[in-house]
Amino acid sequence: MAMSSTDVVVIRGGQVVSTSGATAADVIVEGERIAAVVAPGSAASTAAAEGARVVDADGCYVVPGGVDVHVHLQLPMSPEATSSDTFATGTTAAAWGGTTTVIDFAGQMKGMHVRDAVEQRLAEAEGQCAIDYGLHLSMGGVDEAALKEMGTLVDEGITSFKFFMAYPGVYYSDDGQLLQAFQRCADLGSMAMIHAENGIAIDVLRDQAASRGDTGSVWHGRTRPSRLEGEAVHRAAALAEVAGAPLYIVHLSSSDALEQVTWARQRGLNVFAETCPQYLYLSIDEHLDQPGLDGLRHICSPPLRPSTTHDTLWQGLRRDELAVVSTDHCPFCDTEKLLGTDDFRVAPNGLG
Amino acid sequence: MAMSSTDVVVIRGGQVVSTSGATAADVIVEGERIAAVVAPGSAASTAAAEGARVVDADGCYVVPGGVDVHVHLQLPMSPEATSSDTFATGTTAAAWGGTTTVIDFAGQMKGMHVRDAVEQRLAEAEGQCAIDYGLHLSMGGVDEAALKEMGTLVDEGITSFKFFMAYPGVYYSDDGQLLQAFQRCADLGSMAMIHAENGIAIDVLRDQAASRGDTGSVWHGRTRPSRLEGEAVHRAAALAEVAGAPLYIVHLSSSDALEQVTWARQRGLNVFAETCPQYLYLSIDEHLDQPGLDGLRHICSPPLRPSTTHDTLWQGLRRDELAVVSTDHCPFCDTEKLLGTDDFRVAPNGLG
Amino acid sequence: MAMSSTDVVVIRGGQVVSTSGATAADVIVEGERIAAVVAPGSAASTAAAEGARVVDADGCYVVPGGVDVHVHLQLPMSPEATSSDTFATGTTAAAWGGTTTVIDFAGQMKGMHVRDAVEQRLAEAEGQCAIDYGLHLSMGGVDEAALKEMGTLVDEGITSFKFFMAYPGVYYSDDGQLLQAFQRCADLGSMAMIHAENGIAIDVLRDQAASRGDTGSVWHGRTRPSRLEGEAVHRAAALAEVAGAPLYIVHLSSSDALEQVTWARQRGLNVFAETCPQYLYLSIDEHLDQPGLDGLRHICSPPLRPSTTHDTLWQGLRRDELAVVSTDHCPFCDTEKLLGTDDFRVAPNGLG
Amino acid sequence: MAMSSTDVVVIRGGQVVSTSGATAADVIVEGERIAAVVAPGSAASTAAAEGARVVDADGCYVVPGGVDVHVHLQLPMSPEATSSDTFATGTTAAAWGGTTTVIDFAGQMKGMHVRDAVEQRLAEAEGQCAIDYGLHLSMGGVDEAALKEMGTLVDEGITSFKFFMAYPGVYYSDDGQLLQAFQRCADLGSMAMIHAENGIAIDVLRDQAASRGDTGSVWHGRTRPSRLEGEAVHRAAALAEVAGAPLYIVHLSSSDALEQVTWARQRGLNVFAETCPQYLYLSIDEHLDQPGLDGLRHICSPPLRPSTTHDTLWQGLRRDELAVVSTDHCPFCDTEKLLGTDDFRVAPNGLG
């Protein structure tokens, strides 16, 4: 318990922000740990400051480190395109922005052991990260073995499992696989996460667009209509209700999808959703519907939506229908983005 | 134009019922055709009665012949079970009940020509029917050829096409097939009809029940939860919206499903729904949840629902959210129903 | 029953429109009465035409005479302003437009016998009308005596009673009066009609506007916000629900009001609504918000709404949330409209 | 800053509950003030405990003092009945239950100065309270003078103003008074509070019941139907929307009322609501519908509702549609309750 005073930092005079607002308070840090939150001018405050290094936060907010629950560092999207932030660069950048925890994904695919996916991802992160990190498990191959192995992860702290209604033939699970996976989550007390877009229908629209020669970046958006995101949210909520599992909608982008989250929550279901800055600030009209690289740079899935969506999403955050803002950070350089020049379907993040 | 007076019948003195209510009127029938609706006591009424056979309808309602838009006569459900009413017996029974038109289905399956399905069904009905009849086309094998052939039917009066979200491996279409089929309906100005239950998820529940030894008739209902009917209605409406096609939900059975029809109609979509007498009068608690034959007799798909559903469906009819009452007439004798004794999945109409 | 053939007219070859669509049919009129609707080419058709005058309707729709259920002919709005169509001119104009029935209002006020209001109005209409007419009773003075007298009107065919949530001090009924009036309607099997705007709150806004010097015609609209129409619809529906009476919303003008009609109908209440051409085609932006006479000409209550409302109302008609289109015909000449030049509150139809 | 160590208490080893859950932490109290929340086992924890009195909270939750935002201590309801807890007994009882702050009401009536109402109430509380207390202002006489005086209270910390849609002739404000009061709240950045029941309509039902001889306690409930609470919530939200003011619904009791709060919040309005334990646990069927004193004891306004309401209200709390649980503490002894023996309208809290 002995601690040299040089290990103690007092952040003094700021407004400490918590879930219930901002209050004048001093924060005492011992080593890597917040040891106390102290009323300014109290005896405890005086005592804590003795011999400690004092940081003057007068006029500042003192905010907890950010937690970004959805990032994809050094993720291979295709043989030619791996997301450009490594665990080292990505977590360093996060630290500079005040984010002190990120949660990435271990990616299991068809025929792969869940355990192997986790080991591999942990090995990649090992010793690289500037901040705290954790992993969700992303499952692309839901079968009996994989469902069974989910249980072994929960004890070591991987308690959230992501499934895909998009990307047929790659990560996609059908409704029977989803139902069984959600049942397994219910058994384990785990959270089911879902990429909610109807990938089977979207693939029809993508192929129709391509065969018409509509291959520009804006068609990435037009072939993923928001109605098919809303539909998938509704369906995932229905399957989760039948299974008795809590559900977390990742990267919700549209009014149609938010309407269904609201519907599910009004029904009393444990359905939660996150949105991302790109859906709060960028739009298909202004950003995705541009020629060449300018448009390609704005390809992400789900796609950008009309700018009228922004207000709706902000309202959703205010009403707690949207519980989280994450980044879905998955950056690519222009070289990779340009792969989609002749066909939006090939651009990274434009994966079907 | 010459017509012997013996061919003319005057139905006199009744209350003639139409879509705008009941009015005192006489009905003049020439041969097989309603020639006039006449105000009682008018000169036209007097003239029409000369030499005609007069039927006294005093104190009676005079109602148009009923149209049952959803029947399955002599339908082979499995090698052992064909629905027990033939075109002859079924249409004769209909006539006795005041129904003068039925619409049955020609059933196309995977790899089958649409045209062949129609020809075969017409041949079965030819010369057998006591009343008027028509056909919907039921498509179990949506592919490029079948989609193309749909166009040839519209000119000869088959303008409604039924698809299945239930019965994987038999009639089931996936969401990509549905989207293309709905697009084709939109092009043709045809009506898309849908059996709205999530068959993929239901099959998981059925197999889980069977492997637990839950094989009684009530499990036919418990493994087809109403939430998975509501989900399918929502999804079908979403796909129809993307395709721009009108949609008709067959045999709607549950509050969950009705809620989604209402949602779709409030959205301004051309979504219509029918329900059937079994869903207005029978229930899982009282009828399906009985041992042995008593339970098996009440197997139909979608299954009977809790009796609290009845009021909701009647309200739906009153508010026009439910546009039609049809019968989904598809009768089996006890011998066939008893096939499900050891496993509800084998009972006719218990098809997965 | 003998009728000279010159009294018989056959309208031949047209498409006869009824509530279930348009059908090829001939219409036989004897004197003032439609005697028969006849299938073209039938023996009945041939017989009917003998000696009759034949009107060729080939290529035409044959439509029933229109019924305008909401008109105000020769209505004194103030000492200086009486609506400019008399029973004679108004019904003649109606006939030219194909409207063959109008329903006007007898207006009872505080302290007046209901019976006297009816007699007076009938006397004004007597012998003046070119077409059929009927009366609703408008009650401005709901008290014990008036409630009792309502019963005497029902037997002679006045079965709909209009009340006002607007116009405090003139026609206004408070919620206690409305509840009792609705209870009386429920007892009598009559229809309660309501002018649904919160007149008490609106008067505050009107006086505030006037005291700020905001006296132009657009302020007629701005001081009657659509939210206060929606509120009144909700309140009237609540009182009607408690009383067990059917309710008819007159001249519904706004999306807010339609939302509440939809809510009430989804709840299963017998709530109906009418809108009017002015709310389907004109708007506050384009028509009411003009200087001088141009703006004053467009004053009506409820006021014109933003043009974005038009689509919503058309959707309401399509979904049957709006059951009726009437005119609320109550015309004034420019001389009367100009009375509002210095204060919109004085313009006819701008009554508070 | 000097503080004798005897003034310092450390609550050690418990789970400290805050808005974000429960965490292992020690709480350091200096005098009347929480001086620090400290991580167990940290150097700060060790230092704080030196010389302090240590309370062992091992295995306990350490919860902040409760705030009951709605109480009525020593409130005269009628000449014969004053609520039986004084500021002294009521706040002492609160302290024993862990509630360390109560907010009562200063009651302004027609013709009374707002300032006088506050002074009088403060004088009554002065020196009597065992815990912290605050005041809302309850306004029964909204007029120009009272609206003006509201401003003087805000600076001294009375920032919430309660109005009544119930109790005509006593506290009742009409919609014009409410609109002006809400506008004033909007100007002042204050919160408008509302007792939401349609008192005008309720008085009609009460008098009808009494004149029929229905005077038992259950009629207190039956004459205040939940629909008229829902209506009032809708109306108050509409007026608050027009005025631009935030709105707080006190003692929400019914599903109908909650539905309208949800509607308002979905619309994006700053509408909040509280419910009370009596509405979460008691019901009209089990508690109010009893003969004699047993029923009279359960009279409160709004009245108890059907027990099916309980689940709905708990769901509302879970979804944050209900933001607060307060008590509306306003106790009476049997002697006072028995005043309603022959007429529920005379029982305390049965006020119309």
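So that you can tell them apart, the chains are marked A, B, C and D in the order they are listed, and the count of residues begins at 1 in each.
Following the convention adopted for this analysis, contacts are C-beta pairs under 8 Å (C-beta built on N, C-alpha and C of every residue); 3 or more make two chains touch, one makes a residue touch a chain.
None of the values given here were measured: they were computed from a predicted structure.
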{"item": "Chain A to chain C, fewest steps along touching chains", "value": "2"}
{"item": "Each chain counted as touching chain B and chain C at once", "value": "none"}
{"item": "CA centroid of chain A to CA centroid of chain D, Å", "value": "40"}
{"item": "Chain A and chain B: spacing of chain centres that average the CA atoms, whole Å", "value": "46"}
{"item": "Between chain B and chain D, centroid-to-centroid distance (C-alpha), Å", "value": "56"}
{"item": "Overlap residues in chain D, where contacts from two or more other chains coincide", "value": "none"}
{"item": "Complete list of chain pairs which touch one another", "value": "A-B, A-D, B-C, C-D"}
{"item": "Chain C-facing residues of chain B, complex", "value": "1, 3, 8, 18-20, 28, 30, 33-39, 41-48, 262, 265-266, 268, 315, 318-320"}
{"item": "Touching residues (chain side chain A, partner chain B) in the complex", "value": "174-176, 178-180, 198, 200-201, 203-205, 225, 227-228, 230-231, 234-235, 238-239, 241-242"}
